[in-house]
Each structure stands twice: as C-alpha cells, then as structure tokens.
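Chains: A, B and C, in written order; residue numbering restarts at 1 for each.
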Amino acid sequence: MEKLLLSLIVFLPIFGVAIILFLPAARLQLIRATATITCALVLALSVYLVYIFDPHAANTGTALGGFNKATLIELPWIKSFHIYYRLGIDGLAVSLVFLTALLSFLACFIAFPIKLQVKAFFVLYLLLVTGMMGVFMSLDFFLFYVFWEVMLLPMYFLIGIWGGERRAYAAIKFFIYTLLGSVLILVVILAYYFKMSALGLNEYAFNIPELIMRRPFDEHPTVGWLQIVLFFCLFIGFAIKIPVFPFHTWLPDAHVEAPTAISVILAGVLLKMGGYGILRINYPLLPEVASLSWVMYFMALLGVINIIYGAFCALGQTDFKRLVAYSSVSHMGYALLGIAVLSNEGVNGAVFQMFAHGISSAMMFMIVGVLYERAHHRDLNRFGGIARQMPNYFALAVVAFFSSLGLPALIGFIGEILVFLGVYRYSAELTGIALIGLLLTASYILLTMQRVYLGDPKEAHNSYRDCTVWEYCALVPLALSSIVFGCFPGLLLDLVKNSSAAFVKLFS
Amino acid sequence: MNFERMITELGFTTTAPVGLHSYLVVAAILFSMGLASCLLRKNAIGILIGIELMLNAAVLNFMAFWRFSGGVGGGAGPMAAIVLMVMAAGEAAIALAIFLNLFYNFTSVDVEQASNLEG
Amino acid sequence: MNESISYLDLLPLAPEIVATCGIMVVLFADFFTSTKNSRLVCAAFGVITNVLAAGIITALLVGHSVLYPFSEILIVDAFAFYMRLFFYSASAVIFLLIMATNEFGPVKHGEIVSLILGATLGASILVMANNLLIYIFALETLSICSYVLASAKKFNRASAEAGMKYFLYGALTTAMTVYGFSYIYGLSKTLNIERSMELLANYDSGALLVVVLLLSTAAILFKLAIAPFHFWCPDVYQGSPTPITAFLAVVSKAAIFAALFRLLLPASLFMFILGKVYGQVSSELFVYLLFLLAGVTMTLANISALKQNDFKRLLGYSAIAHAGYMLLAFSVLHVMAIKSLMFYFLVYGIANIGAFWICSLMIARYGHAHLSAWRGLGKTNPTLVICLFIFLLSLIGLPPTAGFSGKFLLFSAVMNQALAILYKDSVLGISYLLLILLAVLNSVISLVYYIKPIKVAVLEESDPVEKLPVSKFSSACLIVLAVLSLLLIDFDLVIANIKL
C-alpha cells in the first residue's frame, strides 16, 4: 500500500477528472461535490503520508537514503535515456505535499460561487493539483520538468477564462514569464545529462539524488564559470516563481486577475514551488557555488530587497487584492533570506515560512474573495466598518492578517523569528534592514485592517451578509491551522528538521 | 582575312583549338544570362526562358566535362543531356500550365501583379 | 553495365512500384466514377496504395543490409527505409484529410490524388538517390508535382498565385542546383554521389568548391525555407489548398532534409573545404555558417509570426522556424542527432497534419482561415479545441506532448556536441551553448503566436456561433492524432526501434 501512496496522491485527481468529464454540465452541485471529494481524498492520503512518515528513518548510505524508503517508487519509463518514474519524499516534500492537499481541498469551497462553465473549471483545477503534487514528489529530473510544465497549462486557462478584467493579459504574461524560467531549467537538465554521459554514468543522468551526491561538475577546490552559469540559470528559473525582484512583475497581475480559488492556489502553492526548486535542486546540485561568499551575500540581499520592496509596494496599494499579492512577494523574501544564509535556523525558518505563508496568504486571499463576492470591487478606500456588519468574518480576517503580520502564537511568527536568528549570525546589517521590513509589514497590515474593518459602518455595506457555510468551511480550518502551528511549531519542525540538517550539511 | 592569325595576334591563343574552359565559359555566360533574366524580368514567360537557359548551361557543362575527360562514366554526358532536356521540357510544360492558370485568374502573366497574398 | 536487372534489385523498390501502380489505378478509377464520388474513391485508392507501400516497407525492414540496386544509382539503407515509411504514412493521413474535407471543390480528384502519389514517389526516390541525375530527377518529380498541387484549386486567385510563386522560386533554385551538380560531375568525373563527394573532400581548390556546393544546395535551402530564402513560404502556405499545405509542410520538408543528408553525409565535406579556403581558420567555419543560418531563420520566423492573423500563414512561419531548429540539429553529424531528427519529423508531422486538419474544417465553414472566425469555438466544439491545443503545444514543444520530447532530443544531441567541444575549442563550444539558448528562447517566443488561436477560440467572447459541423470520421482521426501526440512523449517507442 505504501508503495502506491505517492502515485495515488499524484494521480487521484486524474480519476476525478475522468468522473467529472462524464457528468452532465448542468449538474453543478454534483460536479463541485466530485471535485471536493476528490480533493478530500487526496488530503486524507496526505495526512496518512504525514502519519507514516518517520523523520528519523533516513538511511544516509545511499543517495536515495535521505528519502522515505517505504514510499519511494522507481519504475523505468524511457529506458534509452534512463529516465525513471521516481517519486519520493523527505521532510521538506511532505510538508509541502500536505500544504498543497490542504489548500486544494479548501480552495474548492471558495470556488463554489463560480457559475460559468463549472465543469471545465474543475477539470482544469484537478489537473493543476496533479501537476503540483507531481512536482513536489518527483525525484527524476525529466519527470520533474514534465510536471513543472504541466502545471502551467491549466493555470493559463484558469486565469484566462475565469479571471477579472485584464485576464487575457495576465494569463499570457504569467505563461511567458514562467516558461522563460522553465526553459533555463531545461538547458541545465540537458547540461547535466550530457556531463553524466561523458563521465560514463548514464544511468544516473536524470536521477536527482544521485546528481546531488556525485556532483559531476565539481572541480574541487576551484569553482568554474560553467558551474556559476548553471547555478544562475537554475536560480532564475526558480526565482521567477518565488518571485524574486526583479522577476516578480507577473505576480500582481496574475494574482489580481485570477479568480479567488486560483489566487489561493497561486499564492499558497505555486510560489512555494520556486522555493522548493531552490531547496531540492538549485542549491544541492551546485553547493560549491551556493557557498561562495559573494553568492550568499547576493542571495541574502535579494531576499532583503524582496522584503522591503514588497512591503513598500503593498503600502501604496489601493486595490485590496494587489496589496495581498505584494505582501506575498514580501513574505517569500524571508524564505529566500533563510535559504541564502545556509544555517540550520535559516533553512528551518525558510521551510517553516513557506508553509506559514501558504496558510496565511491563502487565508488572506480568501478573505479578500469573500469581500469581493459581496462588494464587487476591491477599492480599499471605499470600505470601512465591515467589522460591525460581518463580525464572524472579521474574526477570521483578524487571524489571517495577524498571521501575515507575524504575531506570536500565530503561524507567521515562527518562520520569521527563525530566519532572523539565522541571518543575524551571518550579517547584522542585513538583519537590521529586514527588521525594517517587519515594521513596514505591520504598518500596511494594520492600515488595511483599519481602512477596511474598523471605523464607522457605512450604509453601502449593510446588505453584506456574514460568511456562508462554504466560506466557513474554507476559512476556519486555515484559522485553526494558523493557531495550532503557531502555538505548537514543533509539529511541523519535527517533520522537516532532519532534511534541513541534511541540506545544510551539503554546504560545510 | 586570316582570322586565325588575327586571333593569335590579339593574344587569344590556346594549345588546343577549343579547350574545356571555353565550353565552361560559354556555359557560365549562358547561366548568368539566364539568372539575370530570371531575376530582372517581370513577365512569367520571360522568367521561364531564363530557367531554360540555366538548365541548358548545365547540360553544356555536363557534355563538356564528359567529352574532355575521355568519355568516362559510361556515357554520363549524353545521359545527363537527355535526362536534363526531358526534365526541362516537362518543367516547361508544367510551367505553362501554371501560367495559364495564373492568366485565367489575373488576366496577365506579370508576376508583380499577382501579389494578393502579401501580409 | 553488364549486369542485368535482377529480382534483388527490384525488391527494395517494391513500394515504389506499388505507388506507380497506384497512380495508374487512381487515374483509371477516376475515369469511371462520377464527379460526386470522385473525391472519396480516389482518396480511398490513395490510402490503400500508401498503406500497401508502407506495409511492404515494414516487411522488408527486418534484417537487411545496405543495398545498391541498379548498378549503384540508388542506395537503400535503413535511413531510406525509415524515411520512406514516414512519407507513405504521412501521405496516407493526408489522403484521409482529403476524404474528410473538400477543399478543391466539385472537381474530379483523380489528378490531385495521383499528383500527391507522384510527389511521394519522388520523395522516396530522392531519399534513396545515389546518382546525381537520379537526385535531380527525383527532386524535380517532387517539386513539379508540388507546384501543380499548389495551384490546384480552380478559380482561386490565392492558389494560382501560390503555385506561380512556388514554381518560380523553385525552378530557379533547381536550375542553380543542376548547374552546381554539373561542376560536381566535372570535378569528380563520376555521377555517383558517394564517390564524388569523397573525391571532392580531397580536392585542392577550395574557392571553386565553395561556389559549387553553395549552388548545389540552393534548391535544398530554398525548399527548406531557410532564411534568407524563406520569402515564398508564408505566401505559398496561405494560398495553397490546405491538404497540399500539409503535404508541403510534412512530407516535402522531411524529404528535402533527407536529401541534404544524402549529399553531405558521405564526407564531412564543407568542414574540409572551408578550412582549405581560409587557411589557418579552423574547419568549424561550416558549423558557424550553419549556426548563422539556423539562428537567423528561427529568430526571423518567430518574430514575423507574431503579427500574423491568418492561421495558414502562421503555420507557414512556424514551418520556417522549425526548419531552423532542424538545421541546428544538422550541425551535429552524429547518429543520435539523425535519430532525433527523424523523431522530430514524426512528431512535427503529426502536429502539423492535425493543425491543418482543423484549419481545413474551419475553411470549409467560413471560407477563410483568418483567426477572427475562430471566436467562440471553445464553447461550441470543445473536443476540437482540445485537440488543437494539443497540436499547438506539440509545435511549441511543451510537456506533456511529444513535441517536448522532440525538442528535448534535438537539444540534447546538440548539447552533447557542445560540451564535448567546450574544453577543446571554447569558442565553438560556447557558440553551441548560445545557440541552444537562442533555440529555447525562440520556443518561448513562439508560445505567443501559437497560443493565439487558442486564445481567440477560448478566451475571447463572441456572439453565439453555431457549432462547427465535424464529421465523426474527422473527430476520430483528430483524436487519434492527439492521443499519439501525447503518447509519444515517451520517445523510446520510436527511437529504440530505429536501428540505423
């Protein structure tokens, strides 16, 4: 059973697609129910995965030893190039798989208000879930790339058909930007394939753990220009997803124009793929470049720029959703910062921050979506006093916003504090600048809360009803997760700390 | 008039009466004339004339090379000549059919007039 | 010349004999059928002929060595077998397309079908040619049939113009090629391609050879639509009837690439002579020339395609761009590169025929292929748009379609060479890497125009349109092609079975 678990998680949504394709397009409730149940099943499977995952059982003898043996699956696919269907998880992957499953399940609820072409929407949505799960679990470079690209196609349509006013523009911008990054990754895949062939190690040419262990381009102790080029090719490819300034310009458009459920998935999961790519592929494949002092500083600087720039941009927004989008840019800066410093606290902080940001920004986008459903605009200046008219919603919004701000006892705090601990040891001045980011974050969050929720209630908002059942279904679990993981971070940190430690050991 | 002496005095002497290079030069001249005709003319039939000139230049080349290498290749020269002439004839027939179709549609065989498909 | 023609000589040519008989049968059958049934009957005979020919090839494929029938004017090796298999299969699918749609109008289709069969025959002989004259002959057969086919749509100005343009450019370059071949014969004193090329590789005067070889490959470069000889391509693709455009894009292109192989493979000819001409400069000059041509072709085509609004013209520019990618792989004369190129032909062929099929259906309804007519197609014919999406994805080169595998294989063959040379001659190695980068960037640029039909069909709103009538036969064929496009991402299915 365990051997099938990962494949099941990846391909169960395809079964859901097959079922939905046979349902008549008019039975909206049935279609929504099928999709939600499929996602619920995937969530159940991933909870089981977390349950059977033993963080201490890493067998460090072989390359694949860092990955959970019970669930590892390796089947030959394209034999002439030694491309395998290889899925496996470690602590990092399992946390992100759980996050993906949770968010895809909850976003289904938030997608209920969609009335246009519901069948097509959920078909594309489930295909997207497959792609995302595949990316997080695949340990074969070719397979990873296939899943990475497969993710783009449904996203283009999801933004382009069900989005807002400038959806066609946002969709194509997203597609081209991400594709540009992906082809750089492809070039690196090819380079590794050839290098391994030249060394006679054809069987491991696409085997990610083996590539990490063998380091074909390493010419110790010098670091050649080719390795630096490959490192930055990979970095740009993944950085576009994180997104890192200056490759972030697709994000505000894509997030704003996408429908709520898709914004949730975009912010909650897709952005993590950039971070995951850096942690799984970019850094481990070329650790000698990553530990160069100027590269470390450069990455940390990029992280800090993300934090400050994102926060400043968020401060100046009048569109609610755009503000949340820029706050995503800012929060992912913490993750990049944590990775860049290559210390235990830093990497743990980065991984935790990715999870935390998944929860908190997903929740924030849902909050925005709920309001947009009622108001049909996102202009911050026209809101005010919503707290009195929608009290339960306000309570959930408080949890969301304060998680994002990083209030202790909520999920956002742990990631930030760990990252700061890591960065402080590396460079005090960068920590100082990043702390300013904290101030800015607090200011835009609190300003927004005040503008939207506090103050005197307005006449125009009297008709706004409090959350519907489905919105509660979507928001409450996230709020609970935020509080639970905020108070008991060990639940997540125990899962990931062994893989973070193994990661950091690569750089010593 | 002694043409031979005139030519010798002008300096156009060769060891053989007419050498390989004479044929090649003639063929080259034919080819360039054909090429010029193809590129500079607007009338489709004129372009066809140019193509025929070029093909015949090639035939001349084949025959000359064959003749001056002592007839090796087992009749390669005349073989090439026949094949290419048949081909040229066939091509000319097809060309005229296409031009007739063109004329039917555009009432002229001027290639610059038939430019609907631009852009 | 004392050998008599034996059974062994004719056996490898059995598919061609079948094709010739097919031509005669089609013309005869056309005589006896009415105009109404002519299309289906003739195309059906065409399909049968091609399937028979392909079947014979598959049967003959098992266990053979390189043959030189008819005292070495032909060469029948594994490469020839696989390419002929491809030509006949692709031709068969094009006949299926003719059966499914009616672009030529209420005319008798006998000539059209027999011309397509004739062109395929020319292509098959071209890929087997070992003699300069046979080469020219086969090239001409392919070309002349194509010229006529391009103008085969009666009373249609676009078609007449396309045929005229194609003929003029084609005949010009063919004449140049023939002239070049006459010099090749003169310098090597033999009509046999293999031997003459090997002799030329050891020839002293480099300058003459450069001119001669450039002349000789003029027709090939033109037919492949390599920049700067690509100007005919969008016009001819737009004007020709759609099945013929499909034929040109798939069979003609593959045949001409195969012809280029036949000319250049017997010797690493260019490398040697160019080295001689420029003295101490390395013989990689040929490779740089190829890079320049390939790079310019790709980029020019992709950028020009961005402004296009006519589907057939778009695919015309895409054909030019793909010729650029294929030429890139050509700079690596290694057996893996040849295999990847053959796989690429297959994948590109499937995607192109599929796209042109859908275009043909649209033209049947609207009379033109302008993208504005495609609005609202996503709602009325979702299956059609999904198939179109898969074909266009294949052309872009995105997973999970076979186009990705094709590009992947192509780039990996080039990358192989790049990294091998990198440490010996870093300038060349870096140029290889830069060119791969250019090729992938071009793939990204191509996304913008390939996604346009999908964008118009799915994302743009329109007044309610009625459903496009698509016969079950068309749907079935399109679904089969789309499924093939998805299945072939596992390129082992093809590559492992090609034994060169």
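Note that in this section a contact is a pair of C-beta atoms (placed from the backbone, for glycine too) under 8 Å apart; a residue touches a chain by one contact, two chains touch by 3 or more.
What you are looking at is a predicted structure, and each value in this text was computed from that prediction instead of being measured.
Enquirer: If you average the C-alpha positions per chain, which one ends up nearest the average over all of them?
Expert: Central by C-alpha mean position: chain C.
Enquirer: Which chain has its C-alpha centre farthest away from the C-alpha centre of chain B?
Expert: Farthest by centroid: A.
Enquirer: Where the CA atoms of chain B average out and where those of chain C average out, how many Å apart are those spots?
Expert: Computed value for the inter-centroid distance: 29 Å.
Enquirer: What is the distance, in whole Å, between the centres of chain A and chain C, each centre taken as the mean of its C-alpha atoms?
Expert: 43
Enquirer: What whole-number Å value describes the gap between the mean CA coordinates of chain A and chain B?
Expert: Measuring from centre to centre gives 69 Å for this pair.
Enquirer: What residues on chain C touch chain B, complex-wise?
Expert: Contact set of chain C toward chain B: 1, 132-133, 136-137, 140, 144, 147-148, 151, 155-158, 160-165, 167-168, 171-172, 174-176, 178-179, 181-183, 185-186, 189-191, 234-235, 238-239.
Enquirer: Name, in rising order, each residue of chain A that touches chain C in their complex.
Expert: Listed in rising order, the residues of chain A that touch chain C are 77-81, 120, 142, 145-146, 149-150, 152-153, 156-157, 160-161, 167-168, 171-172, 175-176, 179-180, 183-184, 186-187, 190-191, 193-195, 197-198, 226.
Enquirer: Name, in rising order, each residue of chain B that touches chain C in their complex.
Expert: Against chain C, chain B makes touches at 24, 27, 31, 34-35, 38, 44, 47-48, 50-51, 54-55, 57-59, 61-62, 64-66, 69, 72-74, 76, 79-80, 83-84, 87, 90-91, 94-95, 97-99, 101-102, 104-106, 111, 114-118.
Enquirer: Which residues of chain C touch chain A in their complex?
Expert: Interface residues on the chain C side: 382, 393, 398-400, 404, 408, 411-412, 415-416, 418-420, 422, 436-437, 440-441, 443-444, 447-448, 451, 455, 458-460, 489-492, 495-496.
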